[in-house]
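Consider the two complexes below, in which subunit A is the common component and subunit B and subunit C are the respective partners.
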Partner chain A sequence: MNQNTQTGGPVVVHQLAGRIDTSTSPAVEAAIKAKLAEGNTRILLDMREVTYVSSAGLRVVLLVAKQAKAANGSLALFGLQPSVREVFDISGFGKIIPIAAGEAEARALIGA
Partner chain B sequence: MSQAPGAPALQALRLLGTREPAAVAALAEQVEEFARRCGCAAPAAQQLALVAEEVLTNIARHAWPDDAPRSFAVAVEARRGEDSVEVTLTTEDDGIPFDPTAAAAPDLEAALEDRPIGGLGIHFIRSMTDSQSYSRVEGSNRLILRKICPLDRGE
Partner chain C sequence: MLLRTRILGLFALAILLVAASVALPGWLVLRNQEERIIGLRIAAQEGEVREALDHAARPLTAAARALAADPAILAALEEGNQAALRSRLAALQEEGGPLAGMARADIIGGGGQLLASTPGAPSEEALVSAETVLRELRADGQASGLEREPGGRMLLVGAARLPQGGLIAVAADAEDAFRGIGRALHADLFLTDRHDRPLFATASATWPLVERALAAYPAGAATLDVGGRTYRIVPTTLANSAGAPIGRLLVLRDATAEARRHALVLLLAGALLAVAATTVCAVLYRTIRATLDPLTGLAGALRALAGGDIYASAPVPERSDEMGEIAQALEALRATGLMHERQETRDRLARAQHQALIRQEMARLAAVLEGAEREEIMALLRRAQDQAEAAGTSLERAGSALALAFERMSAQVIAKHRQLAELLEARTRDLDIVRQALAERMQLNRLREELEVARQLQLSSLPAELPSQPEFRLHAAMLPAKEVGGDFYDFALLDGQRLALFIGDASGKGVGAAIFIAMARSLLRSAVSRGASPAEALAQANDALAVDNATMMFATAFVGILDLPTGRLRFASAGHNAPRLRRADGTEGMLHGPEGIALGIAEGFSFDDREALLGPGDVLLLYTDGVPEAVGPGGGLFGDDRLAKVFSAPGCGDPRAVIEAVGAAVAEFAGEEQQADDITMLCLHYSGNHIRAEPEEGRFVAAA
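The block that comes next holds the complex of A and B.
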């Protein structure tokens, strides 16, 4: 069998959709944090249906990535639409947040 | 869809901003839709929404020290050229003097642990618009942002 030395908790996949902006980001933040508090420190964000991410959305991603890391977990994103990917690149987040094309690759990034 | 060859050369949209996040988000979306109607390519129109959301959020949260309901003026103008649309976004609020064009940019090279939460707004505004000008006019902050958007050429 394959050896998996990852000791992190279970993986949770959040499927997000629509616009993540100053109005909708608090609900996204609350949902991810609730799972994090339950010990789900390995987090995947499924971004395929997300059409718009403003800095309010980026703030949530950064916040959650920091909290996951502090709890010995990690966070990765996958399925970003080109315009959303551009926002991550302009902000420099593309360099500090693991981003994958698909879910399998994203799971590999967080050792799941 | 929004190529609109018969669209007038100059179109304008005047809006009233308020402080609730839902109102700010809706206004940013209206700016995006207006830009699309005026012939801007989709990525540029979305950048205008991102910039509008930054500017409006900043006014809504910080222009007045109290939590009282306030409103502020938002105007969008689109001038159609040969192969581009020049969009001007102007905001005017009677809050405390604040020049967002003078704000410090975030360190984009910082590691995850060192990267502060927030501070991206001014970076978005600078990277996604072609010019930014601030003035304090008769007790109001006036911010004028200009973006040259490529024309939507369809698919």
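The block that comes next holds the complex of A and C.
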């Protein structure tokens, strides 16, 4: 699980890669939470390199989305691979978490 | 020696004082005696003179007596005829008469008046003071004495009483008398008047000397040294009949012998005294010297001893007094000194030995040190030893070299000790860590035991008894990835006509997931048993789980209710993967439904029921995503395709066989890989209402 973060303007983009499962999700959670604590409440998750998301990964996404919302921010995902998209769809989380195909659309979704 | 001198001086002084205190009073006494003697002499001389005068005056008194008996005089007296008396006196004074050669004769009345006197008498005054004479007449009626003429001549007077009262006094020149007295006394006489003017002397040549002597001794008693002889002058005051002093008679006696004797005696006494004193002094001196002489020696020896010469001693003969004691003490001191010296020598040796011993032990002790430090200590020790062995090195210097070595060694041992202490501390810390790890391991074991209990609980809570009904066959299996799983399955017969089927998957694995899923299961089950449809049950469960879900745990779930008589299956899904259905004719596919959201995330979501119709021989497989998402070596997933392949493989419709086949396939696929997720399967074979389907043993028949 690799991630790096770009901060450009009021929006922070977290680039995630690899698997987001029980072992890797804590790191992802910590990174996003850190940025959130600094006041970066508009969060984009670049999922283009993510190969697999487990229920633990889903949980982390839900968590940070809730926190962003609590901080008057917003969170959106983009560039999901099909299998990953399927996971979100099946679990029904696609309904509650903004998912876009590309970055621009995702930015629009979070109002940046 | 100061002390001796002082003592001797004191003694001399004392002797002197004693001598003086003897001599002085003695001398005073002597003087006193001498004065008394002089007094006595004077008194004696007075007597002698008086007697001599008396004797010399005898003829005078005889003459006076004769006259007193002279009838002519007597007659004249009777008559009171002074002229007759006068003439008679004159007559008597002529040659051959009793008054021949006499200077004067007086006839004095009873009242003291001069009645008559011899011719040539100068005055009207009586020769003598009659009253006094009369008063002092001797028993025989005679008296004698001296008178002085106004012209200066001394007269010797003899007197006799007149029978009628009164006197007859006859006087003669006293010179002869005095001469006679002188001869009688065997001495020279000098007569002076009241004013010490010489009147008469028997040896006039020596008068100046006498005068000088008298000048020195106005009282009169004097000694005169002239021509090698000593003369004593004893005065006698001469008084006339009236008692008035008329002169002095100085009797000069040769007292040479006496004086010489006296001087001799004095000399003897003085000599005696001196000799005594000297003797005493000498004796004392010798005694003191003898006594104190050893003191000098002792003092010298003591001084030498104090100065460190322990061999000094003073030869002192055996004595039992203080000197002897001091000598003994000195000896004792010396002995002590010698002993000390010996002791000191022994101590020195002992100290040297000790130092050697210490060096030796220190060399041994230095063995605990290493390398450079050890070398340093050994070098210092060697140096100390060299110093100790070198001649002329004082014990103190050798000692200080040793002390330096010791100090250095101390420092290094301390440093080493500190090192070891630190090492020990570190080891102790490590030990503490190990102990902590052990404690944690024990705790871990405890937790594991509890997890095991929980697992047993969970496993035993899963429905074990598969209901035996003619309409269907059911099998289920759960393989938790951890000790406890986050999946569940459940089934329940509702009022004998309907079969409820549940399957669910909580996010994550482990105890948290197990608890959450247990909650979900009981919620769903109770909802269904109250008559809710699958969608309703999911909605109710979701609402309940979404409350107080800060950690965002969620669970996918699938609920299905099969109406056994009709084969109608009503189902709803909350984010769960669709089950697979294999028809009796072998067609196989997924039973899709509306996709609800997983339970527990957001309240208020609604779910939709879907229906499907099962025919006899249909097999329904409910499973969790642990099956398709099983990880194989290389990271690949088992996938839905492989599942479909296994499920659709021709074989019997026995649910147990199906589950076992899928399980085997997954196991084969995963190989050595650790199970990634919980694997749960629930398989149903519907045989319909009317057909008692015999379980077909064997494998599935591949769909054509």
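By our rule, the second predicted complex is superposed on the first by the 103 of 112 C-alpha atoms of A that agree within 3 Å, B and C clash if a C-alpha of one lies under 4 Å from a C-alpha of the other, contacts with A are read in each partner's own complex, and residues count from 1 in each chain.
Simple rule for what comes next: contacts are C-beta pairs under 8 Å (C-beta built on N, C-alpha and C of every residue); 3 or more make two chains touch, one makes a residue touch a chain.
Values in this document were obtained by computation on a predicted structure and should not be read as measured data.
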Worksheet entry | Superposed partners subunit B and subunit C on subunit A - clash or fit | clash
Worksheet item: Between subunit B (first) and subunit C (second), which, if any, makes contact with A:Q81: first, second, both or neither?
Response: neither
Worksheet item: Should A:D89 be classified as contacting the first partner (subunit B), the second (subunit C), both, or neither?
Response: second
Discussion item. Touch test for A:K66: subunit B only (first), subunit C only (second), both, or neither?
Written reply: both
Fill in: First (subunit B), second (subunit C), both or neither touched by A:A56
both
Worksheet item: Regarding the shared-chain residue A:S23, is it in contact with subunit B (first), subunit C (second), both, or neither?
Response: first
Response to the item:
Between subunit B and subunit C, the one with more contact residues on subunit A is chain B
Worksheet item: Between subunit B and subunit C, which residues of subunit A are contacted by each of them?
Response: 21-22, 52, 54-56, 58-59, 62-63, 66, 90-92, 95-96
Worksheet entry | subunit C-touching residues of subunit A, taken from the complex the two chains share | 21-22, 52, 54-56, 58-59, 62-63, 66, 89-93, 95-96
Item to complete: Using the touch rule from the top, collect the residues of subunit A that touch subunit B in their complex.
Response: 19, 21-24, 26, 52, 54-56, 58-59, 62-63, 65-66, 69, 82-83, 86-87, 90-92, 95-97
Worksheet entry | Contact set on subunit C toward subunit A in their complex | 486, 505-509, 551-554, 556, 574-577, 595-598, 601-602, 605, 629, 637, 676-677
Discussion item. Taking the touch rule as given, give the residues of subunit B at its contact with subunit A in the complex, in rising order.
Written reply: 21-22, 24-26, 28-29, 42-43, 46, 49-50, 53-54, 57, 106, 108-113, 115, 117-118, 120-121, 123-124, 127-128
